[in-house]
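In the two complexes below, chain A is the common chain; its partner is chain B in one and chain C in the other.
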Partner chain A sequence: MIRLDTTGPTPAEPPLEGATAVPHSHSPDSDATVPYVALDRVGLSYDGTEVFRGVSLPLYRGAVTALVGPSGSGKSSLLTCINRLYELHPGARMSGTITVGGEDIHGAGADPVRLRRRVGMIFQKPNPFPMSIRRNLSLPLSEHRLPRAEWSARIEEALTAAALWDEVKDRLDHPAQALSGGQQQRLCIARALILEPEVLLLDEPCSALDPLATEAIEQLVMGLKCCYTMLMVTHNLAQARRVADQVGVLWGQGQPGELVEFGPTAQLFDDPQHPVTVAFMQRERA
Partner chain B sequence: MANLLAAQGGRPLRDGLADLATWLGVTLVAGSALWVVADVIWHGVGAVNWGFVTTAPQDAGRAGGISTILVATFLVLLVCMTAALPLGLGAAMYLSEYGRGPMGRWVRRSLDVLAGVPSIVFGLFGAVFFVQVLGLGFSILAGGLTLACMVLPILIRTTEMAFSGLPQEYRAGAAALGFGPSGILLRVLLPAAAPGLVAGLILGVGRALAETAVLIFTSGYVDRMPDSLLDSGRVLSLHIFDLSMNVPGGDHNAYGAAVVLLLILLVINGIGGWLSRRWIGRGIVAS
Partner chain C sequence: MSRPLADKWFRWGLLASAALSGAVVVLVVLFLLVASWPALADLGPGRYLTDTRWYPSGGLWGMSAMIVGTLLSTLGAVLLAAPLGILSAVFCHYYAPARMATLYRRLVELLAGIPSVVYGLWGLVVLVPIIARWHPPGTSLLAAILVLTLMILPTVALVADSALGQLPGSQVAGAYALGLSRAGVIWRIAVPAARRALATGTLLATARAIGETMAVLMVCGGVVNLPTSLFEPIRTLTANIALEMSYAEGLHRSSLFVTGLVLVLAVVTLVTVADRLGEEPTGG
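And then the complex of A and B:
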């Protein structure tokens, strides 16, 4: 079953008080004080060039963590560490450790295929395959050998969870690329959800979308908050403030990026500690 | 300021000349193609009827039809494509996925050399290798296989282009969904590249259908009905060549056979277009 908040999209959480970055969770089965995904002094280099280093970041189930920072600071690269997608680049090397659900992603017996089923990813530019809507969703199911009898139910479920079902239910066999940008991005979210992941990585999911489509995605992300551990890169500080429970600032100008500040959203926006964060907030506001 | 005005003053003339040159080029190309087609149809359409395509040639092709020729052509094409398609597809996938290193560069260079080799050289190669060394004799099998060697380079390069033209996002997207390398290639990239593959296939078939030199030395010249793939057979383009060059009084039927060849090419193009559209219609491939 795709876990979904039955109450539908919830309004943004009231800003959290206090210095701890522990959000409260809607799901009773999770221990909200233990991060579901933990990055410990993670660094990445491409062909020997360090992109970022020393990033330690706890991600909690039932919370959205926003990652902000100037472009080129390594935000996208950081996401690809968590699902080991960086391994597609032969020259990329990761240092440090990442655990997902307590398991080291590079530990003995860990494999990228199983990891990527647990950790879904949404890209900056919607990237549906050039096939029908239905096939976009059934392809991952068939790749992972899920019983064909379940396909249509799962497809409907995933599209419903991505708030797309009503718009496309009568044209499932139409090309996915005929959809609008916002619909394509929601299809990509459905495609990630259909494998029932536990973690969602969102890489500036709205940067190619108009304001209305952006709002739809934000609503969707907040609705999914209950049941997933989410890390969202965003350029849009207002969006981070609306959607995220905790925010990290990755900074690196001409040198390897570092996580200069990390904390609950309200604290970071109202009382930024690091001078770099202060400057960044001011510049983005201007 | 003066320069600017001069440039603007000069522009209409230069634009006009460029327009004229473009227009002339297009007209020349389209015109000569049309002329050839019109000439063939004008002279040949009278020879073509149901009897022409269903009866065997008589009197060295002056009389009778082209049924045996069509069968031989179809069989040669079948052998050629059966051999070339899997090889070509495999090689193209290899090149687009792993072909960035020195090995890939080496393979590509060899392919480009091969693509430029005159077909008569392929014919001689086939006559030695397939006909004699492998002992296939003058046969449809030997002809089809030699033809496969000849169309492979174009097939591989067009197919590779279809693959490498696909956006990187498909690969990353599929990998992020836990697809393994073969899953990415076969389930995502292959269907996505299908329209390009069809284009490559049509080019290859067209090239194969037009070929004469390769087949003179390999599948032979005999115009009777082939009884197996190891029998000799004469293909359509060779038949046309023979009728117009070696058989006095064969022109009429040569034109008739040419019309049939044109029709076959048209049908193959049509099928290719239909296939792509069908894929689009089923939503397997976007336009």
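And then the complex of A and C:
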């Protein structure tokens, strides 16, 4: 069952209701003070060049954390640490520890395939596969050997959760790449949701979209808030303010990026502490 | 010269060369038709296709044994070369370290550039004796298939390599982010996305195999024979022309042009199908 809040905020529901297909023995209870994903002094280097270092960040279930900062500071790279996608680059090395649901992602018995099923990712540019809408969604299901009998129900559910069902239900067999940019991005969200992840990583999901499509994605993210742990990179401060519960600023100009400030959204916008944050906010506003 | 004028000359130049190449093709086909006309008119096209016996001195002009020879050698070569070429391109893209992949690509390009007579020579000196030891006479359908396979393998591999390279990195990353294994990315996304290009490349390689003359001639035995096993000698359509053209006269000569006509038709059909495949919009 894809968890989706349609009735507005609900008080602490049991996190594993509807028995997801993903086994996770260490899931914390709904105690909002225990981060579901925790980064502890995480750093990353490509071929010996440090991109960022010493990032400690708690991400909570039911909250959106926004990550802002100048381009090149390593925001996208930071996201790829959490689902171990950085390992696709042979020269990339991560330091520090990350736990998801209490499990060390590099711990004994940890495996990237199982991790990526629990941690979905949405990219900056919509990246549907060059096949039909239906095939885009059934592909991860068949890869993870989910029973074929469940496919069509899951596809409908995921598209509904991504607010795309009504627009595409009559053309599921049309090529996905014929959809508009905003629809493609929502399809990519549906494709991530169909595996029933617990964490969603969003890398500037609206930067390639027009304002209307951007608003649709923002609405969607707010609706998904209830049941997922979300980390969203954005260069749009207004968007961070609208959507996020907490904000981190990753800063690195000419040197490895560092998390210079982190806190609740209101505090960070109304009363930034670090001079770099103050300057960044001012420059982005101008 | 002013820009618009240069532009105009350039356009005329392009048009002229396009018209010239088109005219040459039409003229060649026309020539083939005219040259084969006496035989076609005298014997009728049916005689060529129904009879397996080709005895120019005895007035027997059956081409079907040679058509079968061409089809079998081509089919065998494509069945071997297509999977090998595609697998080697997959290896190159997804498994080989960058250095090895580059080296491998250079090697394949080199293979593609070797003249066919050299493949034939290798086949004759190395391959045929090996087959002969196993199952004489050595010059055989099998030898033709193997030499043709080597010849068209680079074509398939190069086309497959460039087709696999078309898949955007963002889609590869997206696939891994969904928890797909490397094999999953290859067989569920990269290869299906490249399927049209792979089919086109395979068809072009098929056309090349049908038309190949020298290398096949050197190893196939040249005997007009409807083969019942891989070890029997055969004669292909191309070999037929090359072997007899120098002394053929009259109806015999005209019949060799019919052979040429059949070859051209086969290749044109393949290329047309390949074009169609390349054009179709992606979907499904």
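The working rule: the second predicted complex is superposed on the first by the 264 of 286 C-alpha atoms of A that agree within 3 Å, B and C clash if a C-alpha of one lies under 4 Å from a C-alpha of the other, contacts with A are read in each partner's own complex, and residues count from 1 in each chain.
We adopt the following convention: a residue touches a chain if its C-beta (ideal position, glycine included) is under 8 Å from a C-beta of that chain, and two chains touch if they have at least 3 such contacts.
Since this is a predicted model, take the numbers as computed values, not measurements.
**Q** Do chain B and chain C fit side by side on chain A in the superposed arrangement, or is it a clash?
**A** They clash.
**Q** Identify the partner contact of A:133: answer first if only chain B is touched, second if only chain C is, both if each is, neither if none is.
**A** Touch status of A:133: first partner only.
**Q** Is A:244 touching the first partner chain B, the second partner chain C, both, or neither of them?
**A** neither
**Q** Applying the touch criterion given at the start, work out whether A:85 contacts chain B, chain C, both or neither, answering first, second, both or neither.
**A** Both partners.
**Q** Looking at the overlay, what does A:216 touch: chain B (first), chain C (second), both, or neither?
**A** Neither partner.
**Q** May I ask you to decide whether A:100 touches chain B, chain C, both, or neither, giving the answer as first, second, both or neither?
**A** Neither partner.
**Q** According to the stated criteria, A:268 is in contact with first (chain B), second (chain C), both, or neither; which is it?
**A** Neither partner.
**Q** So chain A touches chain B in one structure and chain C in the other; where do those two contact lists coincide?
**A** 83, 85, 88, 112-117, 120-121, 123, 125, 127, 129-132, 135, 139-140, 142-144, 173-175, 177, 188, 191-192, 195
**Q** In their shared complex, at which residues does chain A touch chain C?
**A** It is residues 83, 85, 88, 112-117, 120-121, 123, 125, 127, 129-132, 135, 139-140, 142-144, 173-175, 177, 188, 191-192, 195 of chain A that touch chain C.
**Q** Would you mind writing out the residues of chain C in touch with chain A in their complex?
**A** 168, 170-171, 173-181, 184, 188-189, 192-193, 281-284
**Q** Please name which positions on chain A make contact with chain B in the complex.
**A** It comes out as residues 83, 85, 88, 112-117, 120-121, 123, 125, 127, 129-135, 139-140, 142-144, 173-178, 188, 191-192, 195.
**Q** For a test of understanding, state which residues of chain B touch chain A in their complex under the given definition.
**A** Residues 167, 169-180, 183, 187-188, 191-192, 280, 282-287.
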